[in-house]
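There are two complexes below, and they share subunit A, which is joined by subunit B in the first and by subunit C in the second.
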Partner chain A sequence: MDETVAEFFKRIILKIPMTEMMTILKTWGFLSENQLQTVNLRQRKESLVQDLVLLCEEKRASLNDAALLDIVYTQFHRHQKVWDVFRMSKEPGEDSDLFDMEQFKSSFKKILQRALKNVTVSFRDAEENAVWIRIAWGTQYRKPNQYKPTYVVYYSQTPYAFTSSSRLRSNIPLLGQTFETHNSTTPLQERSLGLDINMDSRIIHENRIEKERVQRVTEETFGHYPQPRLEFAQYKLETKFKSDLNGGILAEREEPLRCLIKFSSPNLLEALKSLAPAGIADAPLSPLLTCIPNKGMNYFKIRDK
Partner chain B sequence: MSVLRPLDKLPGLNTATILLVGTEDALLQQLADAMLKEDCASDLKVHLAKSLPLPSNVTRPRIDLIVFVVNLHSKYSLRNVEESLHHVDAAFFLGKVGFLATGAGRESHCSVHRNTVAKLAHTYRSPLLFCDLEVEGFRATMAQRLVRMLQICAGHVPGVSALNLLSLLRSSENPSLEDL
Partner chain C sequence: MDSCDTPESTPRQSASSRLKDYFIGATPLQKRLESVRRQTSFVPTPPRRKIPQCSQLQEDVDPQKVAFLLHKQWTLYSLTPLYKFSYTNLKEYSKLLSAFIAAEKQKGRAVEVGEDFDIKVIFSTLLGMKGTQRDPEAFLVQILSKSQLPSENREGKVLWTGWFCCIFGDSLLETVSEDFTCLPLFLANGAETNTALIGTWFQKTFDCYFSPLAINAYNLSWMAAMWTACKMDHYMATTEFLWSVPCSPQSLDISYAVHPEDAKALWDSVHTTPGEVTQEEVDLFMDCLYSHFHRHFKIHLSATRLVRVSTSVASAHTDGKIKILCHKYLIGVLAYLTELAIFQIE
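Coming up: the complex of A and B.
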């Protein structure tokens, strides 16, 4: 193993507090169960570090593996960093394209490597659709400095990217470019909601225009991407009976009617999204249903005004 | 008010066209796919519509058979069919209309009673078929039946007309329904 890589490992492992050592190493997943069992956590940290570096050498750990360990450490210590948030804005009239994680990663890396010859880019997928990107910056003549990396956390289903503040401020615009370029080079793919638009010419949809309207309205309401996973929503009704017909027992009732409606599903928002395209409900859906993600609520009380 | 008439157009050469009417597009489409998979001497065409009347500015072939699909789980789908029936000329009901009820297998989900659809079919003197379209095996079998019915209605089966078929189907009906 290269001396610089060994030194890099040493420094990362030294950073890790003893109480977190096993957890972080396990999360990193590079060293095997057997190897981890041979580690003596009771010795002095310096000796422990030496042992671990030897284990890494045995397994021929590379710079990339070290970078991944660094990402894992940072994920556990994210609160120790100061993060800037960037929000991507779309040009009006631009279609949002399907997001392909692998394509994003490869084009991100390519763009940075094309701009600066010496740069280390590493990726680690995180909780739902988020990716942690670690960038170690170099220059044309100098190898990347592994001790001052920038982290970018990108939640692919949102227009937000978080970056750890970097001393090397000049690199921020370059990062911005990688996102821009990525978005515009993703090939446009036709996406049909739920139903496949039938290619068989012997099947004719008489209500094609209406179908397209429903698809459009559904897409406008719910967006292209998978919905956040929600399992139930509850509506409590406390309203007086309203009727067009005059008279009737219920019309005279002073007390509000009480009613509880509970929706449950393995993925409620996806189910709601598929209602109109499947022909089960009219589009647009009631705002009572579609306001759930906006309002961030799933318990509603509906009363007379 | 535009009304579908059975004989207002000339037939296409060896063509048989079925019109499936129902709110649940996904089910209709799957049924259409299943029908087109069948080996058939006639050129089949399947038109899918959510409801009637059909858009008027479109040229379409002569429709040989209309099948109204009702999902027993949805009162909305029944109401939709009931309203669409008003846009069909009486001459169609001489063997060129059928009703298909889906969802009977899941009793607990049914909000439309079987008898309601049975009465509807009886009122319009047309056959009622039951099939859980969500189940692939049942759907394939139903598709075979519909293709056969369609061929007869299009006149592609020598010696059997739509009216013949209708009286054949009618005689096997439960006699107690006749009293309704």
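Coming up: the complex of A and C.
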């Protein structure tokens, strides 16, 4: 292993508090279970660091592996950094494109590498469609400085990106460019309805028009992107029973039916979105359900007007 | 309509008229046999069932003695008739089963959590748990930790309970010879490993076969309607239904609870035939619930899978789990389950 890389490892590991050591190493996932078991956490930190660096060397850790460890450390200590927020604005008339994470990463890296020959770019995916990007900056003549990296956290389903404030302020516009260029170079993809009628001309969809209408209405209601994660919604109904088909049932009853309805799912809104296309619900779905994201409520009391 | 105010039907009533009380019209088995004889295709006529009457237990049963059967979750199995089973040998069976379990534990097959205490197996009869005189006596098997004295009224450390019964099992009883004892309904509470052990011993000893008894949506709807139809002095629980929606990629559960008085009002409005429940009424009852739901949410519950129903009388889950909450209708609930068990055996 390169001396600079070894030194880099040493400095990162020294930063990690002993109480977090195992958690961070496990999250990093580079050293194997067996290797981690051989580590003696009770010794002095300097000796521990030496042992760990040796283990990394055994496994031929690269600069990129070190960068990933640095990202993991920073993820655990994100609150120690000051972040700037950038919001991307869309030009009017621009279509919302389907986002491809891999393509984004690749073009991001390319743009930076084209602009500055010496730059280390590393990515680590995180929850909720977010990606953490670590950039170590160099210049035409100097190798990247691994000890003053910039972090960018981009939530791909939103127009927001967070950057850790960097002393190298000159690089911010360059980052901005990476997003701009990415967005405009992504080719417009045709909206697919999932009906591949060209598959076999002998197979036709009976209710093609209705299916398309349902699909369209569902998308209008719920949008293209993944739904916010919600697990539960509850409705307390106190409404009279009314039925056109079963006329006469409870016709004389003044009192309402007291009902309590609970919906639960690992991802409720996604489940509701799939109901109409599956034929289990009508499209458009009831506003009682579709109003959840707008109103930001999931407990309701419904009474007759 | 319901006759809780009238005196209980006495045991002196003949078995056949009591049977007639329960089943109006032929049972599915009888119909099938009939159609096979006539060599016509089997077209099921919609069944009708009598609404469970309150407390059909025979007079000599102490309600306290069956109280331990209530408020417990039982896993249901159907059981084929037992060959050469004798009620006079219960003590012998206790010893044999204890020995069997001990042997299996030695072999390491009985996985028991906790200390390695000795266990004791007790067979006892459950008097009065039958529909007609023809029904065989129900019996109970319990695994207790040995340190406790076995006593019916004492709350000993019961590790596992299983009981065998037959409520209005005439259709099955008619088909078997005298060497067989028909107790088609088996209910178990306790660790599954114990259930498997007990089951293995019974299967070897009496040449019978246990099979898990699932309850499909059709029968769950019937149960919901019938139990809603039962007259209750006061309600202990809401009337609740649980549906599982087969949408992908995420599962969705919909729980629909109705105030029991409102559920009863709905049922009363739907119900027309005195003393009985018909298929049309069950369908209409469920339809009303579906349409009320659809009016608000635009979701067709009928396109989803009914998984659980719960009322003040009892609750049942499609996986074959039951909890009986009301002593008055214990026999009524068991009668329906016996019917399902017999249907599965055939």
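Definition applied: the second predicted complex is superposed on the first by the 212 of 305 C-alpha atoms of A that agree within 3 Å, B and C clash if a C-alpha of one lies under 4 Å from a C-alpha of the other, contacts with A are read in each partner's own complex, and residues count from 1 in each chain.
Going forward, contacts are C-beta pairs under 8 Å (C-beta built on N, C-alpha and C of every residue); 3 or more make two chains touch, one makes a residue touch a chain.
All of these numbers come straight from a predicted model, not from anything done at the bench.
Contact with neither subunit B nor subunit C is seen for A:6 once the two complexes are overlaid on the shared chain.
When both complexes are overlaid on chain A, the residue A:241 reaches subunit C alone and has no touch with subunit B. By the document's definition of touching, neither partner reaches A:39: not subunit B, not subunit C. After overlaying the two complexes on the shared chain, residue contacts for A:116 are found with neither subunit B nor subunit C. With both structures placed on the common chain, the touch criterion links A:211 to subunit B but leaves subunit C unconnected. Contacts of A:280 after superposition: both subunit B and subunit C are touched.
In the superposed model, A:126 lies in contact with neither subunit B nor subunit C. Taken together, the two structures place residues 278-280 of subunit A in contact with subunit B in one case and with subunit C in the other. Those residues of subunit C whose C-beta lies close enough to touch subunit A in the complex are 238, 245-259, 262, 265-266, 269-270, 284, 287-288, 291-293, 295-300, 303-304.
Of all the residues in subunit A, the ones that touch subunit C in their complex are 235, 237, 239, 241-243, 245-246, 248-250, 253, 255, 257-268, 270-272, 274-275, 278-282, 284-286, 288-289, 302. Contact residues of subunit B toward subunit A in the complex are 19, 22-26, 29, 32-33, 36, 43-51, 54-55, 58, 60, 74, 76. Every residue of subunit A that touches subunit B in the complex is listed here, in rising order: 194-195, 198, 200, 202-207, 209-211, 277-280.
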